[in-house]
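So, here come the structures, one by one.
Below, chain A partners chain B and then partners chain C, in two separate complexes.
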Partner chain A sequence: MPPLELLFQQALNGLMLGVMYALIAVGFTLFFGVLDVIHFSHGDIYMLGAFAGLSVLTGLAAAGAGTPAVALPVAFAASIVITGLIGVAAERVCVKPLARSSPLMTLLATLSLGLVIRESVLIFYPRGADPKPFPWLLPQGAFDVGGVVIRYDNLAILAIGLAAMVAVDRIINRTRMGAAIRAVAQDPEAAQMMGVNLDRTVDATFFLGSGLAAVAGILSGLYYSEIHFIMGVTGGVIGFSAAAIGGLGNVYGAILGGLLFGLVQTMAAALIPRGSEFRDVVAFAVVLLFLVARPSGILGAKSVERV
Partner chain B sequence: MRATLYHVSRRQLLAGGAALGLGLRPFRGWAQKPAVKLAFIGPLTGGTASNGLGGRNSFQLALRERNADPKAKYRYEAEILDDECKPTVAVQAALKASSDPAVIAGVTHYCSVTAIATVDTYHKAGMPAMVWGAVLPEITYGHKHVEITRVNGTMINQNNVAADFAVKTLGFKTFALVHDTTDYGRAHAKWFSQFVEKAGGKILSSQGTAKDQKDYAAELTRAKADKPEVLWYGGLTPDGVRVRVQMEKLGFRAQFQGTSGIKSDTFNETAGPSAEGTLAFVEGAPTEKLPGGKKFLAAYAKAGFPEPSEAYGPFAYVAANLVIDAIEAVGPDRAKVAARLKRTKKQDTIIGPVEFDEYGQNTVPLISKYVSQDGKWVLWEDSEYASGKRTLPGLKYKKM
Partner chain C sequence: MILVWAAEAVVLVLVILGILAESPLALAGTAAAGLAALVLVRALPRLRAALAGAFAGHPTAALAGGAVCALALPFALRTSPYWTFVATLALLYVVIGQGLNLQIGTAGLINLAGAAFAGLGAYTVGLLTVSAGWPAWLAFLAGPVVAVVVGTLLFVPILTTRGHYLALVTIAFVFIFNVLMNNLEFTGGPQGIKNIPTLRLFGYSFTTAPTVLGIALPAHANFYFAAVALAAFATGVIRRLHDSWLGVALNTLRDDEIAAKCCGISIARAKLTAFCVGNFFIGLGGAFYAVMVGFVSPPDFDFGYSLIMLSVIIIGGVDSIPGVVLGACLLVPLPERFRFLHEYRLLLYGVVILVMLLYRPQGLWPAAVRRYR
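Right after this comes the complex of A and B.
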């Protein structure tokens, strides 16, 4: 394959990764924007989203409703609701009671919750230790554009990811709840004085962020055709790093950070000699560079609002 | 009537008591046997848990059988520890087992990364440890510790057979290698490369990846550009599944070949139809074809374990029996047991005769070739690929 085509092919691989990272990163950035909280079990919530999606798909297939046109929308909707509610519960258990404690306590509590979620899937999900096959529900063909192979399922995953991002943008910028989220992110006390219900707004934020993680989890299952109970560990670290690169608290920064992280990882593996061994070294070195040179992230400083 | 039925004379009482005493003698004798603890260490959780659970059950079967044997001098108790196939966890498990003086010996490790990480721990503690699944040569050949022995073969023999089979028998000439960067993956890649080149094949590329890496698109896209006839993967099941499935999704048309690390039922279950035609190479023979395989499988089934014994279960069973035999012969003394085990020569077992060389390595290597057929691992010689009814995917692509 000529070098230029190979480069575009790898860029496409990076974009696929980046979309999933971005969806996880948006959750991190929403939680931080509204509550100044780094929710470290968010990666495991993403894993739960994938398992919830798989369970729904398996149930639908058993009930004879396994056709993609029916099963996928139902799986996405059910997984968003289930995972969103779990996210809200996580906030009630690990964040709210520690609101007046040191941020370290919240960090430790959310880390511990992640471990509980992970080990629970390992123990209670049937043969939870093993990787689980995810059904191939998206069209599997491909077409060629100037030597670059583009798969239909990749396009579908990109479209769903993009739709989710647009939906978040609309929710935040065009709805009353979005206005409340923005107001709380800017100044919680002033927002309350203006009649914003803080508890409800926090719940909505956690529901939204966790629901996005569910979308990322199902997309991951559809892309890799396999999910595993430990997938949230790496997903969480990368999602948080992407949010930090983009500028914690800025939704568009999180999207940009996710895409950048995916591209850097892929290009490091593709272009550097023995790069595959160093893909994470390079990607996290970029994170370090941002922390040192631009701690506010790509869009952090430019943002007037923190959401 | 009822009164006569329950009337017991003094004589009857004495006779009954004597009979009861006699009847209990063997039981009392068993209870009075000194207890000896043996450790089993393997991956009981995580991606390779199916192999670990099969090994653990087989180990427990050996202990149960020996405890049921009235001739046994000791009563054997099991200390089961999970190494999660992670070196740090394995070292903790090895420390826990070896620091307990009641544990006389161990049947230890399925994963090479854990076995190599714990070698020195067993040596320092003077605890005999017989490896039951890990194939990295250095586990036995990297030192001369008397405590370490291994009942299964090494990856040297495995890769020699794998390379010769791929190049000389199947006619593949070009290979792209992807391997995890653990000791296991790296060493497999090293030995496979050497034997492929010796057999006349060519390695086009070799890429190391992280263990538990999720995305292989970049590596596979890079390898695909060289148009190899075979994509060879050196690593364990969870990663092997991802490589195989992502290869198919990228339209990477090459034969997929793996090492013993992917030969588990989980590989077929998770990879689904993508698994079809995958090649894997494993030390030993299928359990049912081992000299004592049928007897072992019957006993295993009778014991009612919920998990299958998997490919390396018989090795764990044999390792436990060899350790027990040594304890029966020289007593529960770590140093004497280690010395005795190291001198094992032509010991008859269900996997055939076991004989350790000066490094404690079983010198009777037997490598089996497997192909995934209809969701099951089938011995190559018994497969429809060997009989010509089916064609391996890589051979089909060669003709296209």
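Right after this comes the complex of A and C.
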């Protein structure tokens, strides 16, 4: 059994990972709630968010505006807008045209769109095959609480992630657009009868979800200090798993699922011999257990089919 | 009957020309000829009707002609062992694609772990022969069995859950498979397993170059002929299953699970059967790959290959058995032909799937409408 400090340390790391996963998972769950689709290219949208953020940051640094206080907010804002628009475009290209065909078709289409995005970054981004170093912009240094080292940059990532989640909660529960999203998620036809513009609501949902993925992408760049064109694959699978564990369609479930996934991963790394290599295996085993034991997720409503 | 064979001969000649044409000019000429033939068939309704009638009227002759063409190919390609290898690979994708199509197309079970199941077959062969010293044939047969068993153990719990969960878990499984193969010691890690012994038939090794009718063929021709047999076997078995009650039941439960249940179909049993049979053929393809190449390593079985297998089905036509053959024969050799595209290969696969799904979701050779008599 590892010492208690190590466990706390790992729990802290798990929380960090969990916040990023949760941000991706919220996108999955929003799309599922509104359109009943699994948007399999969402992971690659997250990767695009990281690359957009990095491009903005390098551009700013070249223009001489590289101070963190200026560069970071600009990078976040720009990346959210760019990635959000790409997310809307992805929905227009390969979700909307297939709305009337079987769910299999949307799944396959979004899956191949993800492949196209990934390969495009690999081929067309300058030296896209290499991992890209991400600038260190967060305050360095750390303090110590009873043997647990808490780094300032980690705290900053946690704070940004939590702020994004609070923002989502506010948008969904306090704004007109949020009300429209909730209405469509509950019943698209009834919502339209009440004067909700379906297309605009769907666009807003995809913008919101993809923007959150962009935040997660930049955060992961700041955390790992490098990004890679392939990161969207694992990011997407984990995000979807987290959303499924939490209960597809439930935003709080997605957040819970993301945090749980991060904790399981880091605890597996701490408790199992050579755990850091096999942490994904353990995490997906947990997903499998969840799907068997509680297929509708932690917070998901149990769906009953009447025949 | 003459018409059927003439058409097949034209296709064979075009294929051979397409493969052997090295200079861009010759290649363009062949492509133009192929295109002209296609346009001719499409533009002349009389010719089209005659061809369709001939193929429908003489199915046995059509099959025999196809078999002759398939067996004749290595003789035309004897100067280029590489293309014999590519043709064999295409046939392996037929085997894998038929298995996957039974799962995805017929039963609607979205299995995105095709690469992992092929990898299970291949790694089983490698481990059993190199580490455990089994005879090659026994290991070769054990490969698909292991794929089936692992698939059954891991996926039975979720086979009956609805929706996208199977897709999720199969994606996760590809990644787990790759992590395990990369990090476990007994699988050789990233180096993989080398020197997998090849198959021998009555003391005759598959790697010796054969001489048939006095013509020396490249060494891969043995594997090519074996793959023709394997592809024919897979296609035949899957066709029989597809035309049987199982196929009808699977189509029903794919389209409406509740209705299928009401008709007395055991959902769990039907899905499990489709999943196991499919994995058997996918594992068989992987095992054959292992004995042919003699070397397996994790990157040969990553998620990208699952997507290539998927594109074979979507190009050919979901649930269409001849479509899988067409899809594999188009999608595997074409990127090899255009070598300069190689870097863009996966990108092209993605674009092709997307375009097909959006504009021709039924595929190039759509599944025939079931006729009940």
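By definition in this document, the second predicted complex is superposed on the first by the 297 of 307 C-alpha atoms of A that agree within 3 Å, B and C clash if a C-alpha of one lies under 4 Å from a C-alpha of the other, contacts with A are read in each partner's own complex, and residues count from 1 in each chain.
The rule we apply is simple: a residue touches a chain if its C-beta (ideal position, glycine included) is under 8 Å from a C-beta of that chain, and two chains touch if they have at least 3 such contacts.
Keep in mind that what you see is a predicted model, and the values were worked out from it rather than measured.
A.B. asks: State whether chain B and chain C clash or fit side by side on chain A once the two structures are superposed.
C.D. replies: clash
A.B. asks: Have a look at where A:284 lands relative to chain B and chain C in the superposition and call it first, second, both or neither.
C.D. replies: second
A.B. asks: Which partner chains sit in contact with A:133 here, chain B, chain C, both or neither? Use first/second/both/neither.
C.D. replies: After superposition on chain A, A:133 lies in contact with chain B alone.
A.B. asks: According to the stated criteria, A:240 is in contact with first (chain B), second (chain C), both, or neither; which is it?
C.D. replies: second
A.B. asks: For A:17 in the superposed arrangement: first (chain B), second (chain C), both or neither?
C.D. replies: First partner only, chain B.
A.B. asks: Where does A:125 make contact in the superposed view: on chain B (first), on chain C (second), on both, or on neither?
C.D. replies: Neither partner.
A.B. asks: So, does A:266 touch the first partner chain B, the second partner chain C, both, or neither?
C.D. replies: first
A.B. asks: Once the structures are superposed on A, label A:6 by its partner contacts, choosing first (chain B), second (chain C), both or neither.
C.D. replies: In the superposition, A:6 touches chain B alone.
A.B. asks: Touch test for A:112: chain B only (first), chain C only (second), both, or neither?
C.D. replies: second
A.B. asks: Where does chain B run into chain C after the fit on chain A, at 80-88, 170-178 or 332-340?
C.D. replies: Among 80-88, 170-178 or 332-340, only one stretch of chain B overlaps chain C, namely 80-88.
A.B. asks: Could you give the residue numbers on chain A that contact chain B in one complex and chain C in the other?
C.D. replies: 234, 274, 277, 280
A.B. asks: Help me check something: in the complex, which residues belonging to chain B touch chain A?
C.D. replies: Listed in rising order, the residues of chain B that touch chain A are 45-47, 49-50, 178, 181, 207-210, 212, 214-215, 217-219, 221-222, 224-225, 237-238, 241-242, 245-246, 249-251, 266, 269-272, 274.
A.B. asks: Over in the complex, which chain A residues touch chain B? Could you list them?
C.D. replies: Those in contact with chain B are residues 1, 6, 9-10, 13-14, 16-17, 122, 129-133, 140, 142, 149, 151, 153, 220, 224-226, 228, 230-231, 234, 265-267, 269-270, 274, 276-277, 279-280.
A.B. asks: Name, in rising order, each residue of chain C that touches chain A in their complex.
C.D. replies: Touching chain A: residues 104, 108, 110, 112, 154, 157-158, 161, 163-165, 167-169, 171-173, 175-176, 179-180, 183, 258, 262, 303-304, 307, 310-311, 314, 318, 343-344, 346-347, 349-351, 353-354, 357-358, 361 of chain C.
A.B. asks: Which part of chain A faces chain C closely enough to touch in the complex?
C.D. replies: 38, 40, 93-94, 97-98, 101-105, 107-109, 111-116, 119-120, 123, 233-234, 237, 240-241, 244, 274, 277-278, 280-281, 284, 287-288, 291-292, 295, 305, 307
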